[in-house]
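Labels run A, B and C following the written order; every chain starts at residue 1.
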Amino acid sequence: MVETRRQAVVLLATLVLLLVLPALATAVGMPYLLTLGSQVVIYAIAAASLDLLIGYAGLPSFGHAGFFGLGAYVVGILAFHAADQSRFLGLVGGATQAWIVWPAAIGVCALAALATGALSLRTAGVSFIMITLAFAQMLYFLFVALKIYGGTDGLGFDSRNTLPGIDPSSDTEFYYICVMALVLVLGVFRFLVRSRFGMVLEGLRQNERRMAAIGLASYRVRLVAFTIAGAGAGLAGALDANLLRYVSPDALHWTMSGDLLVMVVLGGVGSLYGAFYGAVAFVGLQSLLSQWTEHWMIVLGPILVGVVLLARRGLWGVLAGASDGGADGGGGAR
Amino acid sequence: MSALLEARGLIKRFGGLVASAGLSLDIAEGEVHALIGPNGAGKTTAIGQLAGEMRPDAGSIRFAGQEITRLPVQRRTRLGLTRSFQVTSIFPHFTAVENVMTVLLVRSGRVFRFFAAARRETTLREEARAMLARVGLEARGDVVAEDLAHGEQRLLELAMALATGARLLLLDEPMAGLGPLESQAMTRTLGGLKGRVTMLLVEHDMQAVFALADRVSVLVSGKVIASGEPAAIRADPLVREAYLGEDS
Amino acid sequence: MTLLAEQLLNGLQLGVMLFLMAAGLTLVFGIMGLINLAHGSFFMIGAFAAAWVANRTGSFLLALPAGLAASAASGVVVEIAVIRHLYARSHMDQVLATFGLIMFFDELMAILFGRTPLLASVPRFLGGSVDIVPGVPYPVFRLAIIVVGIAVAVALWWLIGRTRLGMLVRAGATNRDMVRALGVDIALLYTAVFGLGAMLAGLAGLLTGPLLSVQVGMGDSILITTFVVIVVGGVGSVRGALAGAMLVGMVDTLARAYLPTLLQGMMQASTADQLAGGLSSMAVFILMAVVLLVRPRGLFPAHG
C-alpha cells in the first residue's frame, strides 16, 4: 500500500489545514475551534488504533474506551498524587512531567490490553465483541467505585503535564503536540501494516483457516496487535485528560467505545488515515446537531443506521479513491 | 516398508453417524497415494483427521516416525504435513506472489517484524516467484488472487502448499470444479511434482487418479477395503462391486 | 442465616430477570446470527409503557399488556425496518447499526417522558410481604417476579422443545439453509422470533420498573450484564442462558451483600467499603474471566 498521488495530495492538504488551524481560528474569531481541533485529533489517534484492530486484524473490539479511559486516569491519578504528595497504593508517587506520565499511560494500557486480550482472544466473533465490551465496563465500574479519585464525579487537576520548553497552559502549543502525536502514531501504524507482522495480520483477517494450515500460531499475533492498539488508545486518553484537565468514568463508558467505532466506520474501515476523517465527521456532526437541538441523538442514531446500511466506502474512500488497506467493510464476520 | 505417514484404526463419530470406522492407511515416502471412494465414504473426514482439524475418537497417526494424533494443525504444518482444501482457500485480496510470500514468511518463523516493508523483501519475493514457476503461474504473480481464474487459484493453492516446505501434501479434490483443460493442466503440474514431494490425493476424477497414483486405497463406509497398485485395484472384484461398478 | 435466605431469593430474582433478557438475545443470535445491542431498548420501552399506563389508569392489569405490546411492537417494527437488512452483514455492522438504534430510542424516551425518572409503583395486590422463613419477611412482588420468570422458562422450554415453531427454531440454529429448503417463510419466522425476544425483554423491563427507577438508559447496563450471562452460558444456547443467568444473578447479589462485611474483617472500614463497592460491581466480570479461562465457549456451548 503505497499512497497514490491523489491520496498523497489529500493527506498533504489535510496536514496543511491542521497546521494553520490555530491561525485560522483566531482570524475568524472562533477560538473554540482550537479545542474542537484538539479533540478531533485526539479521537483520531484512538480511532486509528481501533481501526488497526477492526480493519487490519479483523478483531471487532467493542471495548476500546477501556484503554482510552485508563490512559486518561493514569494522567489524572498521577496528577492527584503529585498535588498532595501522596502515593498511589502507597507505592508510586505522583508525577506531572509528560515524559514520565505519557509513557506510563501507554505502558499501563498496553499491559491492560495484554491481560484482557489474553482472555478475550480465546473466543472469536460475537463473543469477542461482548467480552471486550464487558472488560471495559468492568473498568468503568471500578473507577465509579473509587471514591478517592472522585467516583462518578471524576477527577480534575490544575495544569497539564509539562514538557521542557513548552507552555502547558497554551492551548495552541498543546494543540500542536496533539497533531505531532497523531502524525507519529499514523506513521508508526503505516509501517506496521506494511511490515511482515502487518501482512500476516491481514492474511489472518482474509482467511484464518488458511493461516492455520500454513502453520501460524494466530493467537500470539493477534495478542500483539491487541496490545499495540491498547497502547495507542492509552496515548489518546492521556492527551484527552490533558486537554480537559479532567477525567471521569465517562471516558471509559461503553458509549465511548461506540463513538470510536462510529468514527472508524465513518472514515472507512481498514483505511488507516480514514480514522481522522471519521473523527472530523463525528465531532463536526455532533457539534452541529447539538447546536440545532438538544435531542441531537435522535438524528445521529438514524444517520448511523443509514451509514451502515448504505455507505460502504467511508470518507477516506470518497476523498482519496479506493481504500488501500484491502479492507472490505467490517472485519467482524466470523 | 518405511511409511512416511501411518494411520491406525481411526474412528470418528458424528452423533450416530460413523464417518471413520477403524480407518488404517500407510503412505510411503515419495509416492502419490490416491484415496478414492463413493460419496459419503468419509474421505473428507479422513483428511481432516490427518491434517489435524478434527481429532479422532480413537486410533493413532504417526508422521515421519513421530506421534502426531493430538498435535494441532499448525504444529503438523511445521513438521511438513500440509493440506489443500476442497473449496479454494487463498488470501483473496493479496496478489499471487503475496499469497506465497505470506506462507514463506510464516514458515520462516520471523513474523514479529514491525518496520521493514514485507513486500519489498527481495529474497522473499524471488523465492515466492520460484514457487509460482513450479506450478506454471510465473506470469500471473502480480494478479490479485480473487481475480485469477478458478484453475489458476487451485494452482496457486498448490504453490502455497509447496511453500510450507511440505513433505506430504494432502490434496483434497484438487480437480474439483475444474474444466477439462484445467484438469489436464493440474494433472501435468502434479505429475511434475511427483517424486519431489509425497502426496495423498483424494479425487473423484478417475482419469487423473490412474494417471498419477503409484498406489490407490479404496475407502468405503469409513474403512479402507483395498489398497494396492492402480492396475490391481482396477481388477479387484470387491472394489468393482463396491465402487467402480457404479461408474463403469 | 435468615439474611442468606433473603439474599438467595434476591439472587434468584435477578437471575430470572437476566434470563428474560438473555433468552431473546441468545435466540436471535443462535437463529439469525445477529448481535443486537438495542435489546436493552426493548427492556426500557416495556418499562416506560407499563409505568405510564399504570400511572394513568392505576391498573397494573392494564399496564402489563401495554408494556408487552409496546415492546413486541417496537421489536417487530425495528426488525422490518432495520434488523432484517443486517442478517447478512458482519457483526461489526450489526453492532454499529444497533448502537445507532440505542441512541434513537434513548432520545425518543427522553422526548416523550423527559429525563426525570418515572415512578412505577408495585401493584397493590402484589404489595406487602410474606414470611419466607418465620420472622423473615420477603416482598410478595419479588416472589411474583420469580414465579413469572420460572413460568416463562417453562413456556420457552415447551415452545422450543415441543412445538412446530420450536422445531424450526432449533433447525434454524443449526442449519439455516435447511429451514429455507423446508419452504418456511423465513422472513416471517425471523420477525416472530425477534418480536418474541423483544417482548421478553419488555417483560423484564416492566417487572423491574417498580424495583429500580424507570429512566432513559436503564436498558444499557442490564444489556451488558446480559452479555456476560450469554458469554458465561455459551452463545446461542437457551439452556446456557438459563444457567448463566442464575449464576450471574447469584454471584452479583451475594457479592454485593457479603463483600463489605467480609472485607471489613480484614481492613479499615472506609477502605473496605470502597474496595467492596468496586469488587462487587466487578464480580460478574471476574466470573466471566474465570469461565473463559476454563471453558472459552461458555458452560453450555450451542453447537458441537
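Throughout what follows, a residue touches a chain if its C-beta (ideal position, glycine included) is under 8 Å from a C-beta of that chain, and two chains touch if they have at least 3 such contacts.
On a predicted model such as this, the values are computed, not experimentally measured, just so you know.
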{"item": "Chains in simultaneous contact with subunit A and subunit C", "value": "none"}
{"item": "Innermost chain, where centres are averages of C-alpha coordinates", "value": "A"}
{"item": "Farthest chain (mean CA position) relative to subunit C", "value": "B"}
{"item": "Chains linked by the largest number of contacting C-beta pairs", "value": "A-C"}
{"item": "Centre-to-centre distance between subunit C and subunit A (centres being mean Cα positions), rounded to whole Å", "value": "31"}
{"item": "Averaged-CA centre spacing for the pair subunit C and subunit B, given as whole angstrom", "value": "48"}
{"item": "Approximate Å spacing (C-alpha centroids) for the pair subunit A, subunit B", "value": "44"}
{"item": "Set of subunit C residues in contact with two or more other chains", "value": "none"}
{"item": "Touching two or more other chains - residue numbers and ranges from subunit A", "value": "none"}
{"item": "Touching residues on subunit A, where the partner in the complex is subunit B", "value": "191-192, 194-200, 202-203, 206-207, 209-217, 221, 224, 326, 328"}
{"item": "Of subunit C, residues touching subunit A in the complex", "value": "29, 35, 82, 85-86, 89-97, 99-108, 110-111, 220, 224, 227-228, 230-231, 235, 274, 277-279, 281-282, 285-286, 288-289, 292-293, 296-298"}
{"item": "Residues on subunit A engaged by subunit C in the complex (per definition of touch)", "value": "54, 60, 62, 119-120, 122-123, 125-127, 129-131, 133-135, 137-138, 141-142, 144-148, 254-255, 258, 261-262, 265, 269, 295-298, 300-305, 307-309, 329-334"}
{"item": "Interfacial residue positions of subunit B with respect to subunit A in the complex", "value": "51, 72-75, 77-78, 82-83, 85, 89-94, 98, 101-103, 105-107, 110-119, 121, 160, 163-164"}
